[in-house]
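Structures incoming, each one as structure tokens.
Next come two complexes built around chain A: one with chain B, the other with chain C.
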Partner chain A sequence: MNSVVAGITYRAVLGRRRVLLLILLPLLLIGLAVLLRAIGSTDENATIKLMQIYAIGMMLPLLGLIAGTGTIAPEIDDGTIIHLLSKPISRPSIAVTKFAVAASLLVLFAAVPTYIAAYIVLGNEAGIATGFGLGALVGGIAYAGVFLFLGVVTRHAVTVGIIYAVVWEGLVGQYVPGAGNLSIQQWAQTFAAQFVTSNFFKSSVGMGFAVPAVLIVTIGSVVWAGQRLRSISLTGEE
Partner chain B sequence: MSEPSPATAAAQASPAAPTGVIHDIGYRHYEGPRLGRGAALVALTIQSLRGVFGLGRTARAKIMPFLIGGTMMLPAVVSIALMAVVKQRGVAYPSYALIMQAVLAVFLAAQSPYLVAPDLRFRVLPLYLSRPVTTADYIAAKLAAMALAMFLLIAVPLTVLYAGELLVDLDGPPQTKEYFAALATGVIFAVLLASVGVAIASFTPRRGLGVAAVIAVYLLTSAISGVLVGVLMSVSRDSAAAWAWLINPFFLVDAVQVWLFGTSPNNDGGYPEGVGGPVALAAILVVIALSVTALALRYRKAASS
Partner chain C sequence: MNIELAQVSRWYGNVVAVNDVTMTVGPGVTGLLGPNGAGKSTLLHMMAGFLAPSTGTATLDGRQIWRNHQIYRSIGLVPEREAVYGFLTGWQFVLSSARLHRLSSPEDAASKALALVDMEGAKDRRVETYSKGMRQRVKVAAALVHDPQVLLLDEPFNGMDPRQRLHLMDLVRELGAAGRTILFSSHILEEVERVAQQIEVLVAGRHAASGDFREIRRRMTDRPHLFRVRSSDDRRLASALIADASSGAVSLGEAGLEVQAVDFRRFTWLLPRLARDAGVSVWQVSPADEDLESVFSYLISGSSR
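For the complex of A and B:
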């Protein structure tokens, strides 16, 4: 961890147009929550739909993609990462710092709004707000690690990331039940299910699988990203 | 004091006369026909269209478009196999683009920033504009290229499927009407998606952020539509739910398809009766017009910088 690197990264992510997307998505989630309240759909089913489809199914991977790749991929793209890498800071510690920044952004822009939105619709009935807040927190941290790693290994990190999030987790996950085991969204829902007591919600992956999976994927991604940074080659654009 | 040389003397005699000379240093002159603005527009369109599929670019740039193009073919191949082996229809023509909407959205997101972002990022727009091409031509060429690419992505699998149906020769007449309805809808899909995708992508010179922004719009609209439909259906407000479907751009186009060609809806519950179709078509036209306006404004600014 290095506070100067963290400060520079925060400024780079929050100072550009990227931040507009980071703010827009949670704002719309809270807007939808207010709308549901206004039309009187304040039951468990509606809240869980909002959480499953919007918060966990769409917002979390998208914010993970923007924050996770945004902390490092633009610098690699520009070649300005060379200034950072030529300083006497260990490369794995740079990766850990960037991961910490991405994870903290996801807590702020994904997990907290998820809790607030669920709370607006339903209070903390049936543990939905706490459960999905926790799910978004864990899922956000895992996404931050994975997408940071993608940002280090490929120039097409965002494209590869959306193919994972949209095609694998979304499309394949709907038709092939086994695909859910390798889906961060499903793991996030497993964590949510620890608190949610509603009958409308069931998670498809067991806790015994989800906990080690999240730990291995997150730590593995950050460590591997750090190793890749030790021998990164900066090639020109296409 | 030495005598001034004749050249200096001449310069002193008439200081206002131009002194620069263009030397002929032996480059070959172009003496062929000057093709003008129309040909430049066509060339830029074709060049952009090839680039969308990675043709004329590195092997790495070809992976993504061909992977996605291959994925688009899968349902057609599976359907032909179904027709040949168990004499049963697989995917219906009007459902094709709807079933594959996530794949189409990923292609749009992955490839539309390529069309506009590098030119903005490396500030080469003035180079285009120093030729007969105008900003309007540039926008038209980029939009046409993306729309053609999206149309190809939809039309090629449909055509393969139709050819397969004719060859397998199932009982009953071939579904020619459905095939052409799906092709016509494909044109609407292509123009709508291309204009929205290119317009969003043109606002950032960074490719990664452009990809994220385009997919964000698709995921956002489909998630909002999904949440509202789910909630409204669960409280039995089916007519409001029918409107909520239209927030997703793919179902918006499907509503027009249902209205124009009488195909069966591809969502559960159908679209708003009566004015639903015309309203959907008007919404599509408004979105296209807004996107093109946004592009025009964006490039008026970009061209002057």
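For the complex of A and C:
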């Protein structure tokens, strides 16, 4: 961890126009929650659908993409990363710092709003707010690692990330039973299920798989990103 | 400190950018001269640890440069790309550099570095409001903040106005005179000649020439020169010129004479005298091949002989 790297990264991410998405998506979630409450649709089923489809199914991967790739990919693209890399700081520690920044942004913009939204509709009935808050927290951290890694290894990180989130997790993961095992969204729901007691909600992946999967994928992504940063090539404009 | 390249090559797919270069860059100012696309940036990136040689080794005082972040304690790098965070002020940018180096008093180091490049006045403005020359100077300040023994600059004078250019040239000369190892790339001979004691010439990825600038200058001068001459009587002047050994070939055309001078000094000394003796008025003498490309291509053909 390096506080100078973290400071510059926060300013870089929050200073870009993409920060608007970082704010708008959770605002929309809270808006929907307020709406559900206003029209009196405050049952467990509706709340769980809001959490599953919007909070975990849409907002979390999109925010993960914005925060995860946003902490490093634009700097590699425009060459500003050279300012950090041409210093006697180990490259893995730069990767860890960038990951921590992305993860903290996801806690703030995804996990906390998820908890708040569920709480607005139902209080903490059936553990829905706590469960999905935790799910978004764990899922957000995993997304931060994976998308940071994508940002280091490919110039098309956003495209690859969208394909993973929409096609794999959204389509394949929903309808092909085995594919759900390799889906961060599904792991997030597994964590949520630890607290959610409602009969309307069941997770398809067990904790025995989800816990090691989250740990391996997150740590593996960050370590690998650090190694890739060690041998990053920046070519001139000849 | 010495940067050593030993039989370094670098290729991208089938394209060879740098071809079997061996050179040592020692204390003082070295200019890396070559036309655009010669592989200067590729070479400099390998010296700076931002590109792995495909074959060969790049070392700093015997230590491997590639994948070794410790070398940045000794190296300051000024990249050609505008690698500056526009949202930071000049002061914040240089201070962040000092902090990343974990200097004991980063504020003092940053002030000193900004003073060195004469940027104290604008230090509280955001970098995105700077002119290209100012960005260049703030990059130099950030690279110098830890007082490195080695400074690598990629086309540092590009985009600077003449006054800023002179200022930076003076600074580079002073740093070199103080015993630091400085290498900068340029495609402009005059820039290199004004600042560097040692010149390394790179053409089409190959190390075409190496030496002190007088030596390179001599080699660039002692080559067959092609001149266009217009006069009141071209035919008469032609016969007088070809009678002397300083001219290798003379051709007579619509646009005047084309003279291949094999002995540059004698030819330039002789031409006005011959013309006077023959009663011919010379109207125009112009070099036909003085552009850098032809000088470089001559150097290559010279070095491969």
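Convention: the second predicted complex is superposed on the first by the 234 of 238 C-alpha atoms of A that agree within 3 Å, B and C clash if a C-alpha of one lies under 4 Å from a C-alpha of the other, contacts with A are read in each partner's own complex, and residues count from 1 in each chain.
By definition in this document, a contact is a pair of C-beta atoms (placed from the backbone, for glycine too) under 8 Å apart; a residue touches a chain by one contact, two chains touch by 3 or more.
As the structure is a prediction and not an experimental result, all values here were calculated from the model.
Q: Quick check on the chain A-based superposition: chain B and chain C, clash or fit?
A: Taken together on chain A, chain C would fit alongside chain B, as the superposition shows.
Q: Classify the contacts of A:Thr80 with the two partner chains as first (chain B alone), second (chain C alone), both, or neither.
A: Second partner only, chain C.
Q: Touching A:Gly57, do we find chain B (first), chain C (second), both, or neither?
A: first
Q: Return first, second, both or neither, reflecting whether A:Arg37 touches chain B, chain C, both chains, or no partner chain.
A: neither
Q: Who does A:Pro88 touch here: chain B (first), chain C (second), both, or neither?
A: In the superposition, A:Pro88 touches chain C alone.
Q: Tell me the contact category for A:Val4 with respect to chain B and chain C: first, second, both or neither.
A: It touches chain C, and chain B stays clear.
Q: Once chain A of both complexes is superposed, is A:Gly15 in touch with chain B (first), chain C (second), both, or neither?
A: Only chain C; A:Gly15 stays clear of chain B.
Q: Please work out whether A:Arg230 is in contact with chain B alone, chain C alone, both, or neither, and reply first, second, both or neither.
A: A:Arg230 sits against chain C, while chain B stays out of touch.
Q: Return first, second, both or neither, reflecting whether A:His156 touches chain B, chain C, both chains, or no partner chain.
A: In the superposition, A:His156 contacts chain B only.
Q: Per the overlay, which chain contacts more chain A residues, chain B or chain C?
A: B
Q: Centred on chain A, what angle do chain B and chain C make, from Cα centres, as a multiple of 10°?
A: 70
Q: Could you grab the smallest C-alpha gap between chain B and chain C in the overlay, to the nearest Å?
A: After superposing on chain A, chain B and chain C come no closer than 13 Å at C-alpha.
Q: Which residues of chain A are in contact with chain B in one complex and with chain C in the other?
A: 237-238
Q: Hey, which residues of chain C end up touching chain A in the complex?
A: Answer in residue numbers: 12, 17, 36-42, 44-45, 48-52, 66-67, 69-73, 75, 77, 79-85, 87-88, 93, 96-97, 99-102, 142-143, 154.
Q: Which part of chain A faces chain B closely enough to touch in the complex?
A: 16-18, 21, 25, 28, 32, 36, 41, 43, 45-46, 49-50, 53-54, 57-59, 62, 65-66, 69-70, 73-74, 77, 156-159, 162-163, 166-167, 170-171, 237-238
Q: If we count contacts the way the header does, which residues on chain A are in touch with chain C in the complex?
A: Residues in contact with chain C: 2, 4-5, 7-8, 11-12, 15, 78-91, 230-238.
Q: Note which residues of chain B are touching chain A in the complex, please.
A: Going through chain B, the ones touching chain A are 57-58, 60-61, 64, 71, 102-103, 105-106, 109-110, 118, 203-204, 206-209, 211-213, 215-216, 219-220, 222-224, 226-228, 230-232, 234-235.
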